[in-house]
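The structure under discussion is supplied below as C-alpha cells; questions concerning it will follow.
Order of writing sets the chain letters: A, B and C. Residues in each chain are counted from 1.
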Amino acid sequence: MAPGTVPKSFGDRLFFVVTACAAALVLALLVVLVLRLTQYAWPAISRFGLRFLVDGRWDIGAEQFGAASSIYGTLITTLIAMLIAAPLGVASAMFLVEMAPSWLSGSVGVALELLAAVPSIIYGMWGLFIFAPFMANYVQPTLAGWLGFLPLFQGPKMGLGVLTAGIILALMILPFITAVSRDVFRLVPPVMKESAYGVGATTWEVTRDVSLRYGVAGIAGALFLGLGRALGETMAVTFVIGNNHALSASLFDAGNTIASTLANEFAEADSDLHRAALVELGLVLFGMTLVFQLLAQLWLRRVRKSMGSRR
Amino acid sequence: MSIMQSQKVSDDVDATAVAPTSKIRARGLSFWYGGHQALFANDLDIAEHRVTAIIGPSGCGKSTHLRVYNRIFELYPHQRAEGEVQIDGTNVLGPTTDVLDLRRRVGMIFQKPTPFPMSVFDNVAYGLRLEKRMRRSALQERVELALRRAALWDEVKDKLRTAGASLSGGQQQRLCIARAIAVEPEVLLMDEPCSAIDPVGTAKIEQLIGELRERFTIALVTHNMQQALRVSDYTAFFFEGHIVEFGETQQLFERPAEPQTADYVSGRFG
Amino acid sequence: MTMKRLAYRRWTDRIARAMAALAAVFGVVVLGAILLTVVYRGASALGIDFFTLATAAPRERGGMANALLGTFYLVVLATLLGVPLGMLCGTYLAEFGREGPLAVAVRFACEILMGTPSILIGVLIYTLLVVPVGGFSGYAGAVALAVIMIPVVARTTDEMLRLVPHELRESALALGAPHWKVTLGVVFTAARSGLVTGALLALARTSGETAPLLFTALNSTAWPRDLTEPTANLTVTIYNRAMSPFDDWQQMAWGASLVITSAVLGLTVAARWALGRHCR
C-alpha cells in the first residue's frame, strides 16, 4: 500500500482515524476561536454596532466602549516598530551574509536565533526600568528640541508612551526579522552572485540587484511575520505604553493597544458589557492579524509569478 | 548603426590570417583552497581573437585556473592565488588593479545559466547601466546589438519584458552571453557553458562561440573533447593542477606529445 | 568607463557597506545590553531563599519557589497535552493528508493559529474553561499553553516526516508491516531528532509566555497544590511585581526574569543541538 491512501486493516484504520481527529481538532480550534469569541462579544457587538470601530471613548463607568484609541495605538506602535526594525534587520542580514567574515556571521547568527527566543516580558522589563528613563532624559528632549514644532513630538517627556512602546517592539522583532532575512539571503545561489560580480558590480550592487530581488518574496515574508508579532504583542507593550484610552496626536503621550488593554482590564472587568467589549477588541485584533497574513500570502504569490519560474 | 553592416565589416577582416598575439599570459600561477594546493605553477598563453580550450578530467583545476583571470575567486576568504596573470602585459593580480574594471574587461559565463531575477531587457542592460547613465534609445540600441550578437534577438525580441528565468535553458545561457558581451569586454571566460544545456542548445552556443572569436578573446573550459575539437584553435590539457600539454588543437588531438594527453584524448581515462 | 562614475559607485558601495555594518553593530549592542541587564540585575536577586521560599508580601522574606514550581507544572502539563496532539496532527498531514483538501485546510489553520496573538488564545480558553467552571485555574493555563504548542509541533512534525525518503517507507511496507507500525517504528525513528527539536522549540516558546496565562491560570501567592485553583507562575508574577512600587518586589522580578530567560535559552540551545544531530 502506498502512503497517501486510506488504509484497510484495523490497526491502520485506527491509526488513520486518530491522526485525522487530531488534525480536525486544529481546524476546530480555529473555528471555535472565531465563533466563541463572537458569541461572547455579542452584547457589545449588538449594542455598539459598527460605531465601535470609530468611537474613541472607552468609559468603563458609563459603559460606553469604542475601539478607536486601541486600534490607533496598535497600528501606530506597529508602524513605528516596522519603520525601525525593517531597515535595521534587512541591513544587518545583508552585512552578515555578504560582508562579514564567516566566523563573525556564524557567531552573530547563533546569537540572533537565541535573542529571537527571549520571552517578550523581558523586553517589557527592560523597557520599563532601563529604556523609559533613557527616553525621558535623552531621547524625548532631543526630539522635542529638533522636531518639537510637529504635534507628534509635543507633550509630556515621561519616558512611557506610544513612541517608547514602538521602539521596544522594534527591538523585540529585530532579531527575528534579521534571522529570517539572513536565511533568505543565504539561499541566493553563489553562482548568481558570481555572475553579477563577473559583470563588474560592487558588493552593494550585487546585493541590491541580485540578492534582494532574488529574495524579495522571502524578505517580505519575514517582514509580514514580524509585523504580525508586533500587532499582537502584549507584554513588551503593556509595560511601557502607559495604558491610557485617549486619542492623542503626540507620540510621547500614554496610549494603549488592543493587547495591552486586554492584559490590563480583562481579569478585573466586572460588568458583562465591559468584558464583551474587551472580547470584541480581541476579535478586531484577530481580524487585523488575519488580514495582514492573507495580504502577505497573496502578495507573495504575485511576486513569485512576476519573477518568473525559478528552479 | 546597422547591425548587418557591422557584421559584414568583421567578416571582411579574416582574423585567422594574422599571427595571434598573446592577450593573456599566466606565469607561475599556483592556487590554494585553504591548505590544499589546486594549481602548480601554470604557464599558459591565451591568444588574442582565438578560442583556447582547457580540457582535462574533473577536479584537475581547469575551472580554478579560469577563475583567477577575473579574480572572482577573491569572493571566498580561504582561496589564494600566487604568480602572475598578465593581460596586455599588465599583471592583474597586483594590488593596483581595479577589480571592477578588470571584471568589466573580462566577462564570464558559468556552467549553469544565471539569469538575474529581472526582465530579459534588464538582464542585458545590467552591465551597461552600471557603467554609465544612458539615454533610453542608446540603451535599447546596445541591448539589441548584444542580443543579435548572441544570436538571441529573433527569439526574444517580442518578450523583452518577460522574466529572464522564463526562457529555455539554452536561451538563458545565450542571454547570459548577451549580458556579458553587452559591455564590450575584451576577454570572455566560459566555464563549461554547455554542461547544463540540451544538444540543440549546445550546437547553437558552439556556433556562437565561433562567431564571437572575431570580436573577443575566448578561454573555454570544457569536459567535452569533441567540443574542444570543434570550436577551439588552441587546447591546454590539465591534469591534477599541472598543464601537461599545450598547443594547436588539431595537433594536440592528432599527434599529442605526452603519453598522458594521448591516453586522455583517446578516451582511456577521465 | 568614466572615472567619475566608477568613483561614485565605489563610494556608494562603501557607504552602503558601512551602514549595513552599523546596523548590525547597533542591533548586537542593544540586544546584548538587554541580556546583560537581565543577568546583572537578576543575579543579585538569586539566592537560597529565591529557590526555596514562597512569594511574600513586600519587605518580607520570601522567594519565588511556588511560582517556579507552578510554571513547571503548567509547562509539563501543557507539553503532555500539546506535543502528542501536535505530533498526531503532523503525522496526518505528512502520512495521510499530503496535498488533500483537509490537509491543506489544516495547514492553513496552523499558520493562522501560529500568527494569532497569544493573548487571544488566553481569551479563548477563558471563555471555554474559566467561565463555565466559574473560576481561574491552573488547568486552563496549561490548556492555553498547549493550544499554542499544537500548531507549532504539528507543522515541524509535518515537515520533518516529509523529509524522510519514500524508499524507506516503501521498503518497510514491502516487508509486509502495517502502515501504522512503519510510521511509528521506521519513519518516526528516522525523523527522531527533528521531532525532538520541534517539541523543544514549542516548549521554549511557551514557557516564557505571559499573556495566555493572565486570564486562565491567573496567579497566586500560595504553593501550587491544586490546579483547579488559580496557580502561581513565574511570568505573571514578574508582571505583577515589576508593575508594583516596591523595590524588593521589582528586584525579585529581575531574578525571575533571569531564571525564565536562562530556561528558554537553554531549551533553544538544546533544540539546536538536537537538530545538529539530525543533520549529521
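Quick notes on this structure:
Throughout what follows, contacts are C-beta pairs under 8 Å (C-beta built on N, C-alpha and C of every residue); 3 or more make two chains touch, one makes a residue touch a chain.
Keep in mind the model is a prediction, meaning the values are calculated, not measured.
Closest chain to the protein centre (all Cα atoms averaged), using per-chain Cα means: A.
Chain centres were defined as the mean of their Cα atoms; on that basis the chain farthest from chain A turns out to be B.
A comparison of the A-B and B-C interfaces places the larger number of contacting C-beta pairs at A-B.
Rounded to whole angstrom units, the spacing between the C-alpha centres of chain A and chain C is 17.
Inter-chain spacing, taken between the CA centroids of chain A and chain B, is 48 Å.
If each chain is reduced to the centroid of its CA atoms, chain B and chain C end up 53 Å from each other.
Among the residues of chain A, those in touch with two or more other chains are 202, 205.
Along chain B, residues 100-101, 104, 130-131 each make contact with two or more other chains. Contact with two or more other chains is made by residues 9-10 of chain C.
The touching residues of chain C, when paired with chain A in their complex, are 9-10, 12-13, 16-17, 19-21, 23-24, 26-28, 30-31, 33-35, 37-38, 41, 85-86, 88-89, 91-93, 95-98, 102-103, 105-106, 109-113, 115-121, 123-124, 126-128, 136, 147, 150-151, 154, 166, 169-170, 173, 178-181, 183, 204-205, 208-211, 214-215, 218, 235, 238-239, 242-243, 250, 253-254, 257, 260-261, 264-265, 268-269, 272. Chain C contributes residues 1-2, 5-6, 9-10 to its touches with chain B in the complex.
Interface of chain A with chain B (complex): residues 101-102, 189-202, 205, 209-210, 213-214, 216, 306-310. Residues of chain B touching chain A in their complex: 70, 72, 75, 77, 100-104, 107-108, 110-112, 114, 116-118, 126-127, 130-131, 162-166, 176, 179-180, 183. Touching chain C in their complex are the following residues of chain B: 98, 100-101, 104, 130-133.
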